[in-house]
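Presented sequentially are two complexes of subunit A, the first with subunit B as partner and the second with subunit C.
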Partner chain A sequence: MPQVLLYLLAKVKKLILHLKKQKKMKEIMTVYYMEAKSAGVGGRKVAWITSGGPVEPLIAMDVIPVYPENHGAMIGASKMGVGLCETAESMGYSPDLCSYARSDIACATVNGGPIGGLPRPDMLVCCNNICGTVLKWYEVQARYFDVPLFILDTPFCHVGFAEEAKRYVRKQLDEYINFLEKVCRKKMDHDRMKEVGKLSLEGQRLWQAVLDTTANRPAPMSAFDAFYHLALIVTLRGTPVVVEYYAQLLAKMKDRVVKGIGAVPNEKYRLLWDNIPIWPRTRWLSQKFAAHDACLVADTYTSAWCGTMKYIDENNFFDSMAEAYTRIYLNIGVDEMSRIVVGMVDKYQVDGIVMHSNRSCKPYSLGQYDIQRIVEKERGIPSLMIEADMVDERSFSESQVATRIDAFMEVIKQRKS
Partner chain B sequence: MLTEFHDALKDPAAYGKRLKEESGRKVVGYFCSYTPEEMIYAAGAHPFRLFGTGDGIHLADAHFQSYCCSLVRGALEGALAGRFDFLDGVVFPHTCDSIQRLSDVWRVNMHGHFHLDVVLPVKLNTESAKTYMTDVLEKFRSDLEIKLGASISEDDLKKAVRTFNDIRGSLKRLYELKSENPGVVSGADLYAVVKASMIMDRDRVVRVLPGVIRELEKRRGTGEGEEGKRLVLAGGICNHPDVYRVIEEAGGVVVWDDLCTGSRYFEGLMEGSGSAIADLAGHYLARPVCPAKHSGLYSRAERLVEIVKEKRAAGVVFFFLKFCDPHAFDYPYLKKALDEAGIPSMVLEVEDRLPSEVQLMTRFETFVHMI
Partner chain C sequence: MLTAGIDIGSISTKAAVLADGKLLGSRVIFTGYNSEAAGKRVFEELLGELGMEAPAVRRIVSTGYGRNSVKFVDKAVTEIICHGTGAHFLNPLIRTVIDIGGQDSKAIVLDENGKVKNFAMNDKCAAGTGRFLEVMANALEADLDGFGEMSLKAERPAGISSLCTVFAESEVISLIAKGESRFNIIAGIHESIAARVSALANRVGIVPPVVMTGGVAKNAGVVKALEKKLGVPIEVSPFAQVNGAIGAAIIAAGLR
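After this line comes the complex of A and B, so read on.
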């Protein structure tokens, strides 16, 4: 084995040892990224996959899944988005394009960002159930890295999931397996796939249970905590570590509920968050709302990774994936989205909604005004629209947002008094 | 001779209304060049393509953010203002994220006409996508039959395939005439013919176009010496006939395009494969692809370079609608492919209105002098 690889392995081991003493989530994620970055050493393949894509077959094939969107969120949270977005713009990408895509495309060419770039992919798996942007983004990366691209095309469900669409997606799942077998040069172990499916569903149930604890007053955690804990259900769904992590987290949250410990010390007002977080400003927003004794108790974003469990057949995970992955939150009509939001308003007993109108995400943001109107009409609660971007801070005006939050909280307070 | 086309475009809604009254046929609005308009025609109704408005957008602001493209915002504006009240139905094909949400917002807010989604595949180059495309077309056929209270026979479909093949073939012939002898027709006139062909009575269009071809053939040789720098216009939808005039005044001439209101609409004839649905499916799978769809990683760049070479063009003008993500994503790679082939290009991004004429002229003149 070349000297440099041995050195790298030693370095990884040392780091893993060091991290065992640290916080659990950080440890898991760091080990995960270190493993992914040294995948070649262990002979494992790396697949880049979209956040809404079916990761379970990758896990079953022992492929390491890597998420450019999660990377985009990290870039945003570490406030490195503006620089990378500007790099993408100098490459010819319009500043109006998705900032996850812009920062990731730029990062691939400069190996910059918070973790020095993502490990090079052996293949790309793009599921368009979240947007059409990922199709373009993955085409860019497939050309850049010159690696095979698999597209899982999940027809949009405006008013339902059509029979012909169901057949089409189901057929593509077989094509997906064929694709993986070809790239990995080995057969899929279907028994292993079943196990992974069970673990995935178990992880989703636990994650939903964790989110459910915030229906309590005070909520033991906030949406901002959920944004943090979300990483595992996105990236490692279908592995035991996710089940273990969320089981522990659930126990912790239940304990807080029993003890009456809230995420916001003096929770008086409960709010619902809509859209992807404004990653570089989550801490600021969290503190801003907490200062008004307001807790964002739930959100439409983190629940997207456990929102289609009703379509999953525990004993036939593989077949039922077709429906579960096609009918996710962003692949349905705004009227159905409104019904889900109304359901969350009731479930979490919220006093108002905070909507992030996210320049980067058209499927999430276009239609928000109508959802806002429908929910206001059906439940009579006020809502606030914040114009911003999930990564690119140039679209965030702190003073303007602060003023609007203050005014919105005044309305909420008056209504509650 | 071309007055009829220009008239139809002056006020498309008035044209549609009049056609409806005079013919007694139902009028079905649709978006994008991916709506299988042949099916609407086969059902005995009139397919009427909807474009954005260049006029002020106010009503739509209550539904769409400012970072939504003017095609989508403008179309909704037209609907909310009641300009499309004469339509019996509207069809939304699956193309981009914005058209997708336009369908949702339209369904929630607009009533009084039927609403159909044609959820086409996004990926076009696989067997399963082909099967799905065929299934979707069959579904569209039965949906339309129900909504229009009509039945669509195989003969109806075959006639539709013939009619649209003829229209598209004629439009292509007009483009060829323009490309061979740019002086025979102005860019703005040709644009009007193509765009009006997506609005006007297709039985009329199919009869009139051969006369236009004959007229242009006669004009050949008369416009010698007027030729400007040969350019290709590439982008999405073009709603701005003035662009052609300004390019011509700046010393250029558009000899071909890669637009969905241009060559992407008429390229790819439907082959006689035996079944009309199979012909339709084949067409929509194989026609020059919109960047919102996938048929290979390099197909769009290869085609653009090929167009430039084949039409002996000196450069490419990218003409983009602001906030159109699919086109914006493809731009760097298309530009790179052109650079590698030694083809100069410039990019012009417009919102609902063109930049000032002075500004536009300066940009085009600079580009034309450079190449």
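After this line comes the complex of A and C, so read on.
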């Protein structure tokens, strides 16, 4: 290895060590992306994986997981989505295609975006529990990078979870391990896998506990804070850093509850958010609602990463994750989704629901009108539909959205007066 | 007590002045590019018409897209609440308001006290709005004010299938090229708006009696097409276009 590379590697390692001592989100994510970007130098492998995919086997195999969807959110939040979407469209991709997919596909070719592109993958892991788009998206990337692709097919659970589906998914988990062993040229350490499973579950429990603190009045944090703190349970699930981070965050939130500190200074109205955030507009939305003394106390999005703990067997994580990964929020029927939403309405005592009809995310947006109708019938609370996109700002009209939010808040105020 | 409501829409700006809950007068002007100036001008012109001075008006509420651009008002309230309040004032029995404005169409369900129970607004698209009609009137080189009358002479409304204003316009141009009658094309345009707005109204759940407000309510062809599509009679008040401004003036009277 050339001297200069060794020198750089030593430098990076030193910096990573320094940053690792800090338990702040920005530092943790910086370390994570630095490690991923220098993986090749350190002899580690990188896998790109879908946001709902089983990451634990990758962690157990010491593979660094990288999430194009998390990257998409970063692109959106840094308002770089439109440029990348336009690049993808000039490559021939339809503007109707998911904006995470468009920005990721474009980013790979230009190494653009807020972090200069994602580290090159050694393999791709695609689980279709979140949507069908990921199949073609990952096939495109597998061809582009010329790397192996593993597809985990999780049948849609219209009602319940059939025994056949369970066997089908469980069988694929073995194939997943075979795939990893082949690409990594080493055997899976099943004891290590158990450890990772335990850490994953522990991280999920803590994340749920953090989200639960917003059942208090005033809520110590809002959904907009949850959108920020979410990054770790998505990207580093199954590692100790997640457990440490959320344990600290939980303590902080509990302290705020005791002291009566709310995320919105004068919380009068409590709302529930549905769908992926409008990343380029989270700050604007947060201020808009806060100006009405409204706090978005909970959301269906961030809770999706701890929503299937009931299916996980603590002592047999590997086998039970077949069910847990198949029955996630986006892979179940509208009736069950509605039950979850009604449960959240009760738990967090919300006065209304704000739904983002997300032009990019069809599986998340389909059924929203039904859920709206069911919740209205069962709990009598109103809901607002905002038409936008998670990354592509061209689908956002500020004055239209402002009018809808103002009108919605006026209706809620009228109802509560 | 004198109160005023100013409704600054994307196409027209409206004002209404009330004296202790009685409508004294109203006025409509084009908004143009400066919504603040339009709000000021319509108010001053109406006061001039009524022979009044601005200080005589105790409270003013603004509404519409330009509601936050006028600084001399006491409060800005959205069109939803104002149209609901205005419709209830003109007829307390009304339970559903369909308002088609320049860039928004909305369906509002009211309770017996005129409070908004629920509402739905058009998605991010100009189809089914006043702007849609304007674009079509341009394509047909027809006067928008005559649209309603003309459509009633149609023998067989032309089919316009496109959901997008721009594509619908090119559909209209090709219908003209095919020699389709103007009356049939205009009736087709009205049916297309009715289809769009009735989907919105059904989503929120229509409760009769229904009233239509906003500038488009002046178009008898749209009202007829909507009645047919929804299967309920629709009332139109002579104050349809200034309904939002009237509602704003009533809300102004209630301000403390």
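Just so we're on the same page, the second predicted complex is superposed on the first by the 400 of 417 C-alpha atoms of A that agree within 3 Å, B and C clash if a C-alpha of one lies under 4 Å from a C-alpha of the other, contacts with A are read in each partner's own complex, and residues count from 1 in each chain.
One rule holds for everything that comes next: a contact is a pair of C-beta atoms (placed from the backbone, for glycine too) under 8 Å apart; a residue touches a chain by one contact, two chains touch by 3 or more.
These numbers come from a predicted model, not from an experiment.
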Which of subunit B and subunit C A:T300 touches, first, second, both or neither: neither
If touched residues of subunit A are counted for subunit B and for subunit C, the larger one: B
First (subunit B), second (subunit C), both or neither touched by A:A407: second
Which of subunit B and subunit C A:S399 touches, first, second, both or neither: second
Which of subunit B and subunit C A:L366 touches, first, second, both or neither: first
Touched partner set for A:Q208, first subunit B, second subunit C, both or neither: neither
Which of subunit B and subunit C A:N128 touches, first, second, both or neither: first
Partner chain(s) touched by A:S286 [first = subunit B, second = subunit C, both, neither]: neither
Contacts of A:P382 with subunit B and subunit C, given as first, second, both or neither: second
Contacts of A:S222 with subunit B and subunit C, given as first, second, both or neither: neither
Subunit A residues contacted in one complex by subunit B, in the other by subunit C: 357, 369, 387
Residues of subunit B defined as touching subunit A within the complex: 62-65, 67-68, 72, 94, 96-98, 100-105, 107-109, 117, 119, 121-123, 126, 128-129, 131-132, 135-136, 139, 291-292, 294, 297-298, 322-323, 325-326, 328-333, 335, 349
Interface residues, subunit A side, partner subunit B - complex: 91-94, 96-98, 101, 128, 131-133, 135-137, 139-140, 142-143, 149, 151, 153, 155-156, 158-159, 162, 164-165, 167-168, 171-172, 175, 333-335, 357, 359, 362-363, 365-370, 374, 387
Complex interface listing, subunit A residues touching subunit C: 357, 369, 376, 382, 385, 387-388, 395, 397, 399-400, 403-404, 406-407, 410-411, 414-415
Residue ranges of subunit C touching subunit A (in the complex, touch as defined): 65, 77-81, 103-104, 115-116, 118-121, 123-124, 203
